[in-house]
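Shown below is the structure under consideration.
Letters A, B, C, D and E mark the chains in the order given here, with residues in each chain numbered from 1 onward.
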Amino acid sequence: MPLLATRALTKTFGGLRAVDALDLHLEEGEILGVIGPNGAGKTTLFSLIAGSIPPTAGAVLLDGVSMLGRPAFKMVRAGVVRTHQIVKPFPNLSVVENVVVGALHAGGRATGSVRDRAVEVLAFVGLEDRTHAFPGTLTLAGRKRLELARALATAPRVLMLDEVIAGLNPAEAQALATLIRRIRDERQVSVIMIEHVMPAVMSLSDRVVVLDRGRKIAEGTPAEVVNDSVVVDAYLGENHEGGTA
Amino acid sequence: MERFIDLALSAVLLAGLYATMAYGLGIIYGVLRVVNLAHGGVIMMGAYMGWVLHRKLGVDPYLSIPIVVAASYLLGVAMYRVLVRHLPRGAAGGPASLLLLFGFWLVLRNGAYLLFTGDDQSITTAWSTSSVVVLGSQLSVSRLAVLAIGSVIPVGLHLFLHRTHLGRAIRAVAQNPDSCTLVGVDVERIYGITFGIGTALAGVAGLLSATLFAFNPGSGSSELLKSFVVVVLGGMGSVPGTGLAALILAVVEVFAILVLPSYLTSAVGFVMLVLVLVIRPGGLFGHRVLG
Amino acid sequence: MNIARPSFLKALLAALALLAVGLPAQAAPPKARVSVGATLPLTGSEARIGGFVKEGYELAFEEVNKAGGLQVGNQKLPVALTLLDDATNQATAVSLADKLINSDKVDFLLGTYSSHLIEAQSTVAEQYKVPYLQGGGGATKIFKRGFKYLFGTISPVELLGTTLMTWIDQQQKAGKLPKPAKIALLWENTAHGKDFRKGVSDFVAQNKGAYIISVDESFALDGKDFSALLGKVKAAKVDLFLADAHLPDYITMHRQYVASGLCHKVVSYGARGSEKGAIDALGVENVKYILSGVWWSSQLAAKPGPSRDFVTAFKARYGGRDPEWFQALAYLSAKTLFAAIQQAGTVDREAVRQKLATMKVKSLLPGGPLEFPAALGQQAQNPFVVQQNTPDGKSPIIFPQDVATGTGVAANPKCPN
Amino acid sequence: MSDPLLQVEAIDVAYGDIQVLYGLSFEVHAGEIVTLLGSNGAGKTTTLRAITGLRPPQAGQVRFRGESLAAVPAAGRAGLGIALVPEGRELWPQLTVKENLELGAYGPQARPHAKQNLEKVFTMFPRLEERQQQLAGSLSGGEQQMCAIGRALMSEPVLLMLDEPSLGLAPILVDQVMRTISDLHATGMTILLVEQNLHRALEVSQRGIVIETGRLRLHGSSAELAASPEIRAAYLGL
Amino acid sequence: MRSRIRGLAPTPILAGFLLTGAALAVLPLVLELSIYTHNLMTLTFLSVAGALAWNWMGGFLGQVSFGHAATFGVGGFVAARIVLWAPVPAPLAWLVGGLVAGVFALGAHPALRLRGPYFSIATIGLGEATRLLFTYWEDFTGGSSGLSLPIETALKHRLYWWGLGLVVLVTAASWLIRRSGLGLQLLAIKADVDAAADLGVSATFYQDLMIALSGAVVGVTGGMWASYFSFIEPNDMFGFDRSIGFVLMAVIGGVGTVLGPLLGAVVFVLLRQYLLASYPQLYLGVYGLLLIFIILFEPLGLTGLLRRLWQRLSALRGKV
């Protein structure tokens, strides 16, 4: 049984089918990359899984159990947490306080005091020296790490990363990619990541799903996907098969 | 039956008054997303402007409308330039703007106490108590005038907003200010003008209510609260919605007397306000002309 | 860091220390004058009347001081009035009474204006056993609490209802009004309005078969729209229209009344019917034949006596203006306090209180002498004077007969039957 | 070559304390059609916003016809002939199509010619003429894109900038939009295009500029870029 | 334990706070305060407690309520009714009044999902509707003529310590809330409801919790108010001005801070007293200007101002 799965998950906004009868699964210990051009419905998919918005049809299953009707905060307590493309630290809380908010909701999945766990997570993401700073004083890379730390503090089983690497310079991106791999390897967290920065997706993902207009158009290992002409078309525009462009 | 007609006509007249009071609040909210908590204060100032013109200079209140419009417009532009524009970014429309404008209301009220003392005043003209017979009911001429003006305002506003470049720009700014900048609309200027128009409408409402009611510097709270109810009911920022909502509120309040003690009829409006906010935050009619 | 640091505590401590030191208990000054305190609504919703009451108080104080002060025992003491603004706010009225008694060390208190302020404020006087004389809150409820230090020169508002009904009853007995007569009773939802309602309904209950109350509704202060209420009155087809309203509501309601073509055989708005502000706002034509009942009218000066003296003094002091009952009752309250002090021969609060509780004085009020019957909570019981507006813009007193300056007209001749 | 029409000179742009552009410089010459390329988040949209003045640069400056725009407020730039078709069209949904277009000619220079220009736009997009009384919010995606382009044209631009005009459109509509862009260029209009659809963009444009995390990565003729392995790497990670 | 989260040694602050409390507690015994000062301080305590409790909603949660007078009135009238009905000790009546007010406040639950100005407007509506209903409910509130309670001079005198106790309690509670996980979650909800939900925070639950707690404390102050004044009247207790008073006190002092509402309430009461005595014609306008000034220039109110002064001073000291 997959750890997390979606069954015919659908979301329509007005007439637009943002997510269209999507079947997806995530295995324990896997890093699943979700890619697709702008407007493919990736972020909507995350919102549906995270319980932030209700689906029009279909269901999300955790350990085979339907999570239908669970709002976001209950999904977190069940072990499914997401980050946002545009990071949303609480500007009125210090870095460690931001993390504590997450650490309060680890449920039975974590032991030790809330504070200790928050400090541990901060050290894990490499923010230990900014513990008492306010998020506004962090660089973008720092804020992305903070976003990760907050999510990790909830001791998730499934971590959904929405473009954590986008906007970082190559060195920062590399460091963050390493961190993501460590999250899976050292913390036994399964990861779904949306990413536009292809090198990162390609090197990190065990498996990649490609979305276009709300539908799954390809699935496979990174190498398989990249060479899939459907994918290349979706991404770069139709190339008219070997045309000189 | 006769009673029913009487009540229905009272409701229509009352709706005219409510609508007149609410347009200014609605248009400012619709475009700037700022709840003008000083609305009641401006209505009070409008009443005093009319009173001064009438009492000291002998100008008929209906003839003084243009003067009150101009003066209130300038007041509104000044309020925008001096106060509203300087709100901390992101707080526009938030509690900060409520408090800021409430503060301004206190200043206005204090100013009025200093200028006019706390005495109750009213504007008395030849029509103050005259009436005409419609459908067998006697209707107050001043109230009919308010209804007429309350009906002309939305038509005028509609024409202005739909037929002039400036009006279209105002509606566009309400919907998407950045796009407006791209086509060369000075958004700040439009905000100032809109605040001025909203304030001018409130000033006229004050002038007109002064022909019906006694007022003093403390007046304005009940006008503000009624305006809130109407604007929320009508969908914040919708001109026709505001008119319709005024009618609904008036009908509900007037007919409530058949089942409720008179004293409680105005509570009905507040209950409606909360229900609509919670159940249909877009107003009863959903559709917004401004944005 | 988001939370406060020790420095703020220091600042707070400093502020509190300042408060404690800045307002220390003051030693009582040597008794060189009689010190009287009062708060008045000089700002806020009752500011206009607060100003009237102030005129009455100040006139009384000036008169005494001009005459060299009060004869207290064997010395003449000037009187001093400490007047503060309570901004028409209960908490402020209470707190300032505290200040007057405990910080400014006044000997006696005069009342503020309006029932709810007085009901709240008089508790302070009672607590510190300071005699408190007031002519601004006529609600009987204030006097039903068994307070010993509270005295009212103002008759109960119930009597206003009763007096109006007594006159109406005379007219009915004279065949000028139908029997039974249907009444629309509209009252402002305040202590004042409730008492008025009680006066009228008690009278109706005692005169079975003569009157029917067909409409009995309250309305909110500053009600603005009365069209639905008046619609109800219209539908009820009543003979008598008896309302009790403050000035702004009276103006608003009566404009709607006239415009909607209502006309009743008797119309009254309680105390305010003959006020000049209302006549200006409504026009002489529209207020004619309206009845009003007031505690005092300047027309009582027609005959020599305290009222004439007062009106003369008032006109001299305030540029020829006629006083209204607000000034008169304020003046009366102050004068009564002075009389009690002089009669007691001391500024001892307890002695003055006892003197007030037992004395009977001739006053500018109609009816008999002014006294504060303990059984009725030390509230004066002088009758109201009923006035009726005439087509020529005057408002003669038509009842009680002994002070009448004109004759009342019943069954409003304006109405088509 | 003549003086460049648009010069972007070492601009830094930040949102709050997040810096998006780092010393970005490039030029666009009159009559050119240039594509700005880069992955998501590279700073393409921000570059356009800096040029329109919606997001003024913290350092560096933008010159138009050789004049610095530093002192020209955003609302004044339409009048100079700079127009942007923003990403997501950003129409006024509750205004009719005609009103949307008419507002495009709000500036004092364009307003006198609004009538003729409206005719021109309607000739170019007959669809819009049919729907002129409809609310813009009720248009389909492709129609909205036409309306947004039409609105920009109403201001009689010298430099037309388009931000992802093909986003969310069906392939057939993408073709149509691209054709429109070519046609406009053929009339002599200078065009700066931001497009994710790499091949399509390079098809229509003469030159390409690739930015990566707010910095210029490479530039060259469209043909060179299309052949460059680097660009494929930038997009697909190969 | 969690207090260490902030990385602050709480001891000096705590000590200072307790010291202030103790100093105030013995002040009337040591210094011979005039009764006026004594009573004024009692009133200040009640205002402080109310402002602090308002701040739990308006400051910590960011839900600016313009309708807190509703809970103040309910607490006051319930307490008054209890005192009139049975010879129970006044503190018990206050407590019951507070509990009822807390439950009553939960009636605003549906409005809690509104945010920003919408919530504020909804609370204006709720507050006014409550005022009208209770003014009409003659049997319970005595209607517009209000309720009189027996005068208890000794109780009024003792209220100083009851009020001070409440302030200490509510300040301590504010402090604990602010420094605990609860406070962090409240501030998280204030900053971004959705982001908070994405970390497992149930906004609905905490909003309900806080409005009930805040309503209960304000209800208790309402009960104490009734005992202090011996006369309460619905139009005053439930009045819009009173709701605005809570907002003003917190805003003047600094919304969302612990000491802000405390400072704000002290300044509010003293300023009011001073202005009414010296410049009665100007006091409304002064409040108005103060509000305008704070919103435009110093969103954290007096707390912000003090903080800035402190920084300036520290900088100066650093230079020397």
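Quick note on the criterion: contacts are C-beta pairs under 8 Å (C-beta built on N, C-alpha and C of every residue); 3 or more make two chains touch, one makes a residue touch a chain.
Predicted model, so just to flag it, every value in this text is computed and none were measured.
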Neighbouring chains common to subunit B and subunit C, by label: E
Chain whose average C-alpha position is farthest from subunit A's own: C
Inter-centroid spacing, subunit E versus subunit C (mean Cα positions, whole Å): 36
Inter-centroid spacing, subunit E versus subunit A (mean Cα positions, whole Å): 42
Approximate Å spacing (C-alpha centroids) for the pair subunit A, subunit B: 49
Distance from the mean Cα position of subunit D to that of subunit B, given in whole angstrom: 42
Numbers and ranges of subunit A residues touching at least 2 other chains: 92
Contacts with two or more other chains, residues of subunit C listed in rising order: 2, 43, 189, 220
Residue ranges of subunit A in contact with subunit D within the complex: 37-39, 136, 140, 163, 166-170, 196-203, 226, 232, 235-240, 243-245
Residue ranges of subunit B in contact with subunit D within the complex: 162, 165, 168-169, 171-172, 175-176, 178-187, 288-291
Of subunit E, residues touching subunit C in the complex: 6, 8, 12-13, 16-17, 20, 23-24, 27, 31-37, 39-41, 43, 132, 135-136, 143-146, 148, 151, 153, 156, 175, 178-179, 229-231, 233, 235-236, 241, 256-260, 262-263, 266, 270, 272-273, 276-277, 280-281, 283-284, 303, 306, 310
For the subunit C and subunit B complex, residues of the former touching the latter: 43-48, 51, 189, 217-220, 222, 224-225, 227-229, 231-232, 234-235, 247-249, 251-252, 254-256, 258-261, 277, 280-283, 286
Complex interface listing, subunit D residues touching subunit B: 52-54, 73-79, 83-84, 86, 90-95, 99-100, 102-107, 110-111, 151-152, 154-155
